[in-house]
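Next up: some structures, all given as structure tokens.
Two complexes are shown next, each including subunit A; its partner changes from subunit B in the first to subunit C in the second.
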Partner chain A sequence: MSLPAIYSFPPLYTRQPNAIIRNKQIDSWINILLQYSKIEKIWELDSNGIFLPNEINLFENNTINRSVNNTFIKEILDRMKSDHQIIYNNNNETNTFFILWKNLDSWASLILEWFETTNKLNQVVTFYEISSGDESINWEFHSMPSYLISKILQILVKRGRATILKDEYNKDIAIKVV
Partner chain B sequence: MGQKGSKIKITEQDKAVLQLKQSKDSIHKYTRRTSSLIDEERQQLKSLIKENPKTYKQNTKVRFILKRIHYQEHLLDQASDQLVNLENMLSNIEFKLVEKQFFQGLQNGNVILTKLNKEFKNIDDIMDDVQEQIAYQSEIDETLAQHVSGVNNYEDEIDKELDVMELEIEGKKETNVIEQIPEMPSIDKLPELKDATKKEGTLHEPQREKGRQEPALLA
Partner chain C sequence: MESWHHLEITTSGRPILRENEKDVFIDYSVGLYHGKIRVDDKQKGRLFLTSQRIIYVDDINPLKNSIFLELNNIDKIDYSSSFLKRSARIIIFIKKNVITKQTAKKLYNKETNDVTISSWTCPICFFDNEYKGKLTKDISLICENCGIPAQFDSISESVKTKIVKQQAEKNICPSCTFINHPYLTNCELCGARLNHSQFSVADPNTKNKTRTQKQSKIAYVQLSFRKSDGTLFYQSLEALLDKIVKKDICNKDVVTVNGVSVNDKEIKRFQDGFTSNEQLYMIQEKFNSVGISSLERSRENQLANNDILFNSALSDMNKLISLANNIERLYKGSNTTDAKKPSLIVDRDKFLNKDLFLDEISRDIYEYAMTESQDNETSNVMITLVDLYAMYNKAMRIGTGFISPEEMREACERFPKLGLNELKLMKINNRILCICSTNSLNYVTAQITNIVTKNPGSDILGINQYLTPNDDGKSNWTTGVLNEILQNAVNDGSLVIDEQLTGIYFYKNDFW
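Up next, the complex of A and B:
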């Protein structure tokens, strides 16, 4: 995918001393990260801002021979954390984040829309069907990690629209939306 | 969470469907993995053929890979069939559930209908009762009316007796007196209202005749 022109602009990679300019700089970075993850359908990144699972590092630009140092990456990620654009993946031991180019509520609404348009209300639907089933291929949440899906579906449960079903190991695996 | 979960019921069918879907999902996963594996091996095979365009047929690795591909394809076919079976089963269950709802609807409707009909039976009893009550009421009315008329007759009788006594005293005939009494007020006091007077006259007449007959019976 083609990244925005600013991605090839060397000063973007150096932490700007002026707070106002730095804010804009961070905005640009967040914009790049969200755009990229949305188009490439990337759901996770590690604490150094490297996209998983293919270890794509946007903070290192070999064409212009520039990279962002770790402290500034931390600053950018902290901003994203406080704006809920990334959330901790507390499913595993490793320190990774889910990247949300849509906030959790919008995702929940979109999944609900899928349930309604594909007539899946009042039926048991597994998380696998939502993320990898043939019926969700053309939806934005297709290929979403199942742990993130279960996190989003909790919102539907809180809204009183759904209930979660567990497997024999007490793991959330399916949902029934009404 | 328990509270929220209890709002929406998970039935036994849901659990059965979940198990089916779990196996369906794992077969789905398997087919995806296998087809990507087949693709990879095809690529591998092509590159091997490109590397030795002349001797590849003798290459055991090439033959082995091709056999593997065939075997994987065979498994994939089987898995797809199983997937279709599971999907059929799921849609059958779904349809059966709909049918069950339909059946339940019919049953409920029937129960309500019979209930309503029963209520109508009660209403029949009530109607009979009401009919009886009405009959009884009209009986009472009749009896009361008779009683009242009886009283009137009694009064009339007393009048007659008094008249007779008066006649005996004055020496006049009772028929003259009775015919004079009704005619006098109707002509003198209300000359214009002829209809009304006629009606009154007709109303009074039977009583008068009765009155005339009564003494005859007594005598």
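Up next, the complex of A and C:
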């Protein structure tokens, strides 16, 4: 994908001393990250802001020889955390984040919409079907990690629209939306 | 007021001195009287005593009301102390032979008068001598060449007379022989004081008045000292006048010629010196009694003697050093093409209190900063106080010694109080004190933003180079100032930075 013009603006890579400007600078960064992950369908990034699983590092720009130092990356990620644009992946021990270019509620609504349009209501649907099935290919949440899907579907459960079914290892595996 | 002349002053309200002119003393809150009449617009000002003039600089309207009086025109001075509400005064009597304008005109009209010149031949060496006027027996004739007096009888044959039409005496400069306009009081070329022109140029205000004899009868002016008692001024003026009178006398310090005393005053001083020494000796003798107290006393005396000795030695050394400094400055000055006018030397000793001293220093700094920034064509001054302090103290100022940073700051804070409005003390980014002209900060910021827009990613060095287009390598802007301005621009968000190992680069804030 083509990155915005600001991506090759050297001051973007230096933490600006002026607080107002810095806020805008962080906004620019968040914007770049979200846009990139949305287009490239990237769901996860590690604590250093490197996109998983292909280890793409947007914070390093080799064409203009600039990179953001770690403390500033932390600051950007902290901001995303507090704005719920990334959430902890507490599925595994490694310290990684899910990146959400839509917030959790919108994701939940989108999945619900999928259930309705594909007539999957009152059926048991596995998480695998949602993320990797043929019927979800043109939907935005296609290829979403199943742990993230279960997190989103918890919202539907809370709304009283769904029940989650567990497998023999007590792991969420499928859902039935009513 | 015809003996007073209008004065040129600098922007900071200090008089412009002539060549070879030195200031001696300054007094404050002085009013002028002409005869017995108050001069209304000249009642509160500073009075400078220089080696050539008495200068009055008005506090309220220094450009218009500042005047000076030539010391050469002073006949004598008198002092009258303060009494009840009357403040102390110095009465200055103006010389009677101050030529009025009419006579000056006559001189200028090239009126010719005939002069008889006689020539005679020396019988010893046959040199043709000339003598103004007619030769008679009574005149003692000495040959200019061999110095042997000649008898009138022996030369009477060789006497020739001729009548020469000579032009009226012109205003010839005593030091460079340039013939000046008769109205001038100082040589046009070298600036030396002209002996001949003792007439004054009339004040434009009084031009229409007829110059009657009566007016010139009240030939005295008064200086009224409102704050001080004026004695110091009087003493220094007296000393100066005495010096001026003596200046033209050849061998003025000679005491005796062929054992005959010629200079009473010098002898007296000489003798005084002896007697005072004697007295000291006497005192010493007197205490030469017994006991510890006498020992102590003799020790004290010894110390006092040493003190006197050292003082004189030190003052000699100081003189020598100042002379050396003078020479050094002359040497350095000869390299620069533009001759600088002598500036007032601010000396701590001349001021009655610190307040007045700071006032004067303030003017001096103002003037210095203004002249330093003159070649900067936009005439925007901006300099950090630290830099100015270093520059100011580095500039050779004989007699002043150094001023302290506190004094510098206090002096700079006085600019608005003294009516020096071109420069002000500004605090940039709440930490750096700068001396700058009123709109220089905005000007420089705009300039820098411009440069950064044209050349994104400039560092401070690059900006400095762009700011000074002439490539002589010298910059009008110090890095410290630029740094502060850039910091300021970054803080208000017009510029953004790109910090690298090689330095900080500046960009215009296009995105945020």
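Here is the rule we go by: the second predicted complex is superposed on the first by the 178 of 178 C-alpha atoms of A that agree within 3 Å, B and C clash if a C-alpha of one lies under 4 Å from a C-alpha of the other, contacts with A are read in each partner's own complex, and residues count from 1 in each chain.
In the analysis below, a contact is a pair of C-beta atoms (placed from the backbone, for glycine too) under 8 Å apart; a residue touches a chain by one contact, two chains touch by 3 or more.
These numbers come from a predicted model, not from an experiment.
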{"item": "Superposition on subunit A - do subunit B and subunit C clash or fit", "value": "fit"}
{"item": "Of subunit B and subunit C, the chain that contacts the larger number of subunit A residues", "value": "B"}
{"item": "Which superposed partner A:Pro17 touches (first subunit B, second subunit C, both, neither)", "value": "second"}
{"item": "Touching partner for A:Val157 - first (subunit B), second (subunit C), both, neither", "value": "first"}
{"item": "Subunit B versus subunit C as contact partner of A:Leu165, first or second or both or neither", "value": "first"}
{"item": "Contacts of A:Lys176 with subunit B and subunit C, given as first, second, both or neither", "value": "first"}
{"item": "First (subunit B), second (subunit C), both or neither touched by A:Ser146", "value": "neither"}
{"item": "Following superposition on chain A: angle at subunit A, subunit B versus subunit C, Cα, nearest 10°", "value": "140"}
{"item": "Contacts of A:Ser28 with subunit B and subunit C, given as first, second, both or neither", "value": "second"}
{"item": "First (subunit B), second (subunit C), both or neither touched by A:Arg66", "value": "second"}
{"item": "A:Glu129 touches, of subunit B and subunit C: first, second, both or neither?", "value": "first"}
{"item": "Shortest CA-CA distance in Å separating subunit B from subunit C in the superposed model", "value": "44"}
{"item": "Footprint overlap on subunit A, comparing subunit B with subunit C", "value": "none"}
{"item": "Residue numbers on subunit C that touch subunit A, as the complex places them", "value": "457, 490-493, 496-500, 505, 507, 509-512"}
{"item": "Subunit B residues within the subunit A interface of the complex", "value": "1, 4-5, 7-8, 10, 14-15, 17-18, 21-22, 25, 28-29, 32, 94"}
{"item": "Subunit B contact footprint on subunit A (complex, rising order)", "value": "123-126, 128-129, 132-134, 157-158, 160, 162-165, 167, 173-174, 176, 178"}
{"item": "Subunit C contact footprint on subunit A (complex, rising order)", "value": "6, 9-14, 16-18, 20-21, 24-25, 28, 66"}
